[in-house]
Amino acid sequence: MREKATTLYFGPQHPGITGNMMIRLKVEGDTIIKATTEVGYLHRAFEKLQEKRNWLQSFTMMCRFCVPETDPMEELYARAVEEIEGREVPERAKYIRVMVLELARLASFMLWYGGQNGSLGLYTMGQWSVGDRNYILDLFEELTGGRIYHMYIWPGGVRRDLPKGFEGRVLKTLDYLEKRLDDYDDLMFDNAIFKKRTQGVGIVDKATAVEHGVVGAVLRGCGIKSDIRIDDPYEVYDKLDFIVPTSDGADIWSRALVRRQEARQSIRIIRQVIDTMPGGSVYNKIPNPQKWKLPKGDAYVRAESVRGEVGLYVVSDGGTMPRRVHLRGAAYVHGITLLEDVLVGENIADVSAIMNSLGTCPPEIER
Amino acid sequence: MKDIKAKLTEKIKASFDTVSEKDYNGNRLDFHVDVKIIPQILTFLKVNLGYIHLSHISCVDWLEEGEFEIIYILWSPVEKLKVFVRTRINREKPVLPNIDMIWRQANTYEREMREMFGIEIEGLEGAEEFLLEDWQEMPPMRRDFQTEEYAEKTFWSREGREDAIDVREEIIKRSREEIPDFAKKYSR
Amino acid sequence: MINDKNSQKIVDIIQNWARKHSIWVLAYGTGCGAIEIPPTMTSRYDAERLGVRGAATPRQADVLLVTGYLTTKTLKRVIRVYEQMQDPKFVIGFGSCTINGGMYYDSYNTIKLLDKYLPVDVYINGCMPRPEAVLAGFGKLQEIIAEGRANGAQKYKDNLEWYKANQKKIIPSLLTTDYNW
Amino acid sequence: MDLLTNILGAIATIILAFVVGMSYGGIVRKITARVHNRLGPPWYQNFIDAYKLFGKTTAIHHGWMQIMGPAFLMVSSVVTLMFVPVLNNGGWFTNLNFKGDLIFLLYLMVFGPLGMALGAGQTGNPNSAIGVTRGLSQMVGFEIPWVMALVALMIQFNTTTITGLMDVQQMSGTWLMFSSPFAFIAAVLAMLGMFRYSPFDIVGAPTELASGPVSENGGKFLFTMMSSGSIFSFVKLTLYVDLFMGGADNLIILLIKTFSIYMIPVLYGIVSPRYRTEQAIRFFWGWPLFFGILAILYAAIF
Amino acid sequence: MEIIYLIFILFLSGAIATFLLGKVSKRLRDIAFITTLVVPSVLFFTQINIGQTVDFSVLGIHLSWGITNFSYIFAYIVLGLGVLAGIYAVAAMKGKENLGFFFFNYILSIMAMMGILFSRDLISFFVFWEIMTWSSYLMVVFTGKDVQKVGIKYFIFSAIGAYAMLMAIVITYSLTGSMMISNLIFAFPDFEFGMQILIPVLLLIGFGVKSAMMPLHVWAVGSYSHSPMAYTAVFSGALSKMGIYGMIIVMAGLVSRIPEGYWFREVIAWMGAITAVGGTLWAVAQDDAKKMLAYSSVAQLGYIIIGIAIGTPLAMLASLFMAILHGMFKGTLFMAVGAIEKQTGTTNFTEVTGLIRKMPFTFLASLMSIIALAGIPPLGGFIGKWMLYESVIGSNHYLLIIVIFFSSTAAFLYCYKFLFGFFLGQEEKEWAHVKEAPAMMVVPMVILAIGTFIFGVFPGLILNPIDAGLQELGYAVTQGRYWEMSVLFNEWGDTVVLQPILYTILAVFVFFLAFVLTKNFKKTRYVSTKDISSSGEIPKEHENLTFSRGFFQPFLRSVEPLMRRKIDPYYNSFGRGMEAIFDFVRRIYTGNGQTYALYVVVFALLLLIFKDRLWG
């Protein structure tokens, strides 16, 4: 027998979906009465493959977990390995890591600016911000050789020191971006229609947030001050001065406000890092990767990405290969159960905006 | 940090018998518990002790010991402490209690565990298929599943990879040979 | 009216020229390569000046851009989408993983050779290919369209059984659609 | 005029409308690209796209209504074009426009979208159906201020024909946008919805409905829709110029006037996100309606 | 013998014969039924001359029957629709029980309507009016579903209307001493002011009930959707026009002759406008085709009422034209719904879908009727609407035109919903067995649909008779034909108008056809509607891909403030206070036809006694 509600396939081939996943929407009118996510379109079995690679080969897979923001994954892996092995990291490497992480955050915010507005039909924003993102990617290219996959932060430090005059170029880019962020505000946050479209839509209130284990900007967007960089500080974040913005609206608008401030905080952090960066070597040499064995043990490390808390659980059985590498992305909780619950009762027009606002990133879910 | 850990251990031990703890440097504390009391101890941690954030659920396949190890990682934003609740279950007939009424997102972890390790979760809702589709073999994340063999068996691989003489030339040359007869006229 | 071969040739040349300068890419990010598509379409690289433009549904699209690895689950959808596209249609394989599996050569869930399942007109290599490489790939596609050599769809039509057998091998639930145009 | 001249004139008008409409589309793409900091496609890109679509195979259809849908659209645009005076003094482009009547045009303009909606409905794609319902709902929204503006003009100058209104402007030498400003404002606000640029592009919103009603149409169907859409936008622009900007004495002036009025929805659209359907409807029943009422009061009093 | 008598005798005897033959043979019954409809119609159109009257007296009351130019217009609707719907009914009602009774009532209604048109005096007018009411009431309760609710509603409102009318007749008689309509019209301007208001109000209540004017429309939806569709075509298409007929007489004959009539007309016009808007919005909200068309009928009658109330010659012309066209296209649509109900068993948009390839002719007829209903050129509905606009602008009703335009634009929504809901969308498995309706059902629909097209392109065909009727009604000839007051006709001239549109449309269609038949296009083949670009997914068997629930939800959400007020609750709370009366009504009503026939007779007798007692 035919179902009563109409089925709408939102994805996998759909301009409004972020990445490659599917939401099976049951709609009546333009109201969603049930949403079922279906994932697995991007399941590459990384975790299985990493069990078959040695410790350094596994590292090359890390950045491919989630493409919009690749560096937190590398940093997590490096930190987990260091924790199991007890390897020291030079102070300068930690500062460089923070700089790279924050640059990656900034690049990811740029992409989010584009995605959030593109989902609401303001394509100009996407053109601007994704175009400006290229300047950050240029920096990465100079530093690491790759635009997207950097493989820069590795166990024991970072791969190489900063090129000569790199800090200056970073600061110059930051100056430019700061100016552009004001332009974005004019286009996006001063826009009455954007406000109308986002206020009161996609509400994740405090109770829901706790029930679902919500993290990151979504959690801050409902008024809970939570940031791994402060709560569980890693690298040199405890030495830096920055604000964790929060907002009380619990809707897309307040999440956008949070992210808007976070982008500026990232710029501030990078400036601080460049000011206070010590000298010295940038890595502790690792042994021959083919024979590199880690002691038996496990580690769970966490970092703050744009989407929220990312955790990595690494188990070593004392061999040359990891026993288990298990990533927990922020999208893993946002993209499935939370999305399904939030979408009920919303308008079809807002599905894409809600997905972007929750930071759904399918490759991170499916790994 | 030491005080917090000691206090927590005391409280847990007072409520549950078969618990052994292991301390680590930094803000991490491990509890080894029996599989039967998993829901109770997690509820206790969440409701009574303020460990409201379920950060991670992971599963490790200890093939040599014939056991799965399940690790629940909780986080308290107040005490700033990571608590690992670890349990081991038999690998032959793995059954795990369902905890998605405590944390909604646990549902996703459990669905993945069910599919990837073949662990039966009692009373779990949600579609059987999560990441895979039409999967016929054993659950792929088990250690005894040989992914490379399976890939060799199922998918073709491009010839011309094993020697590094002139890869480009070689690929072109060999791919020409490999094209079926009827498709020759399209090759360029 | 226009039946003799020479005038048909002229029509073909004009049509190929139009096809070359109007490439509508299906909005389907099959893999992680999708992250370099927005930069390609936006201000610095601006693929639209070459006539490259997104299309929302397969009926309107000319080019299927397979951005990166294909899991078996996605392959099923890609095949359906490809068969729903209208002639003339082209496929661009994007990234090392479509060419030979790339770093997923031993993964149980991703295919290694895209051209066993779909007729590929142009491959773009790299992991990840830079926007310049993507543009070069579109340039190559334009080149072979203008020369009339982009006959992947015809190839698929002629060797449908071979392709279908390959597809069936890894997707048992593949529905036999009545694809015969 | 004999029949042959009539037919030739009609064909010339259609070609003019097609060329101008398509070029405007291309120029809009170019302008949008420049706002985006891009180079953008050449201005003739739309012609290439159209020709390519025409050359594509249309291998399948979902029933004869899907084939007739674009035909309805084409018929509506061309017939409407026949009834809109292109130039002040007529000449070759007179066609049937000496018979042009505003209310008649209003209804004629609906013929195409309704046929298109039927064609989209036949495909069976739920996205198409949702897009159509959105489009029709929005149409109810913007027709109200638009009709109010027209009624105000009719009352003020006591004529219901386009030619009558054009004569009024020619005689007095003042454009109606100055002599009845409120009607002009209401009509321009309604025009935002009529051209379906952002924020009123809710019908085929790609990120919501995957291009909505056209989602099953490719190849020749899409070509027909694209070209009749171009003709239609020319018709609408010419109508605005005729009604509010004193018409045009020759083609150059027509192009300048139509282009300048076309830029209003385009430029507004570039910097606006999309409305939700009911928000769009409410928008039209807010300020535009207010200006419409003002216009009618203005017309009734003066 | 006078042909007029013959017609009525034929109707009456035919009705009885049909009823009786039904017990003998079904085929004979059907033949008798159609003959009874066709023969008097032929007689009427061939033998009756306009202006011909017969006078006679019954029980000392002087009665006069005759046809005028004005009533002749309505005879077109009644007989044309009556015959076509009758042919349709034979096929549509096949296999139903109690058919003889249905046919009997059907003929009786047609006869009563003809009687109303023939009546030159108030008594026979009232008697025929009552026969019409009773026969239609029996049709409403014919199916026996929800009779308590729907039937009682119709009964109450009809009774209110009838008593109001009766009171007006009595007052008229006491004032003029005559029952002739012409006398009333003649003497009306000399009445005192209170009577000048009271008589039209009472009469308008009577006629407003039948024409479903707000706030007297409450009965209409239930009754239209509950009677068999074959009858609803007549009910909505012709029977409701009797209210319009009466209204025109009241408005043109009485109200327009007094100075206060201006305000009176304004009120009626706004009531019509509210009727139009309310009907349209509620129609958009319906999920059931019958109810949707019923609300749509209410709305369309609203337009007609507006035209009548404005009362300029052009507006009258528009109203009458729309009345005829409404009979045609609404008749067709109700018949189409009937056909769909017969073939699928339901009329709900959320259930039926994708019938276009199964019932192509029904679709074609519906499509043309819908285009006419929406008022899109070149079909007939446009002419009427457009003349209405012209007249509304011409008579300086500026706000009224906005309201009308709003409702006519909103009408596109339900028009599309009708076509999409039944015919377009996914072709589901559960309706795979559906076949086209029998020819006897399809042909009347197609004939009527083509009629709307012909009248759209050659409106002069019916505008001329209407013109004649209007002149007779007291609109003096000023400049030839009234429709020439309108710009379009004025410049285009003769009876054959709107042809340029037709030719252009045809030319473009032919061009497009040539385009479709190009080499490439010919290879196009049909694929099922399951093969759609569903984002790459393959739809599962049980998943519903038809969008039918909450069709215009965003629109309805934005007009919600307008629709929050519904009039039914007020009547219901009023009715709760009148519980006793309702109980009494229920006791009279037993569900049996004979009781009602008896009741009609008793009522008529009472009336006569009443008359004799008071004024005898």
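Per-chain numbering from 1; labels A, B, C, D and E assigned in written order.
Quick note on the criterion: a contact is a pair of C-beta atoms (placed from the backbone, for glycine too) under 8 Å apart; a residue touches a chain by one contact, two chains touch by 3 or more.
None of the values given here were measured: they were computed from a predicted structure.
Novice: Taking contact as defined at the start, I'd like the list of chains shared as neighbours by subunit A and subunit C.
Specialist: B, D, E
Novice: Using the mean of all protein Cα atoms as the middle point, what chain has its own Cα mean nearest that point?
Specialist: D
Novice: Given the two chain pairs A-D and C-E, which is bridged by the higher number of C-beta pairs in contact?
Specialist: A-D
Novice: If I average the CA coordinates per chain, which chain comes out farthest from subunit E?
Specialist: Between subunit E and the rest, the longest centre separation is with B.
Novice: Please identify the chain with the largest separation between its CA centroid and the CA centroid of subunit D.
Specialist: Of all chains, B has its centre farthest from that of subunit D.
Novice: Approximately how many whole Å separate the CA-defined centres of subunit C and subunit E?
Specialist: 58
Novice: Using CA atom averages as chain centres, what separation in Å is found between subunit C and subunit D?
Specialist: That pair's centroid distance is 36 Å.
Novice: Give the residues of subunit D that touch two or more other chains, as numbers and ranges in rising order.
Specialist: Correct list: 36-38, 57-60, 126, 130, 134, 206, 210-211, 215-216, 276-277.
Novice: Listing for subunit B: what residues touch at least two other chains?
Specialist: Counting only residues that touch two or more other chains, subunit B contributes 132-133, 140, 145, 147-148.
Novice: Mind pulling the residue numbers of subunit A that touch at least two other chains?
Specialist: Each of 6-7, 12-15, 30, 40, 43, 45, 48-49, 52, 127-128, 131 in subunit A touches at least two other chains.
Novice: Which pairs of chains touch one another in this structure?
Specialist: A-B, A-C, A-D, A-E, B-C, C-D, C-E, D-E
Novice: Can you check the complex and tell me which residues of subunit A touch subunit C?
Specialist: 12-15, 19-20, 40-45, 48-49, 52, 60-61, 64, 67-68, 111, 114, 126-128, 130-131, 133-134, 137, 146-149, 363
Novice: Please give the residue numbers of subunit C that touch subunit B in the complex, ascending.
Specialist: 72-73, 76, 99-101, 105-113, 116, 149, 151, 154-155, 158-159, 162, 169-173
Novice: What does subunit A use to touch subunit E in their complex?
Specialist: 1-7, 9-14, 22, 27-31
Novice: Of all residues in subunit E, which touch subunit D in the complex?
Specialist: Touching subunit D from subunit E are residues 354, 356-357, 367, 371, 374-377, 382, 385-386, 389-390, 393, 396, 398-399, 401-402, 405-406, 409-410, 412-413, 415-416, 419-420, 424-427, 487-488, 491-492, 500-501, 504-505, 508-509, 512-513, 515-516, 520-521, 523-535, 545-547, 551-552, 554-555, 557-558.
Novice: Under the touch definition given earlier, write down the residues of subunit A that touch subunit B in their complex.
Specialist: By the definition above, subunit A touches subunit B via 36, 38-40, 43, 45, 47-49, 51-52, 210-213, 215, 226, 231-232, 298, 300, 302, 309, 311, 313, 315, 323-324, 326, 328, 332-333, 336-338, 341, 366.
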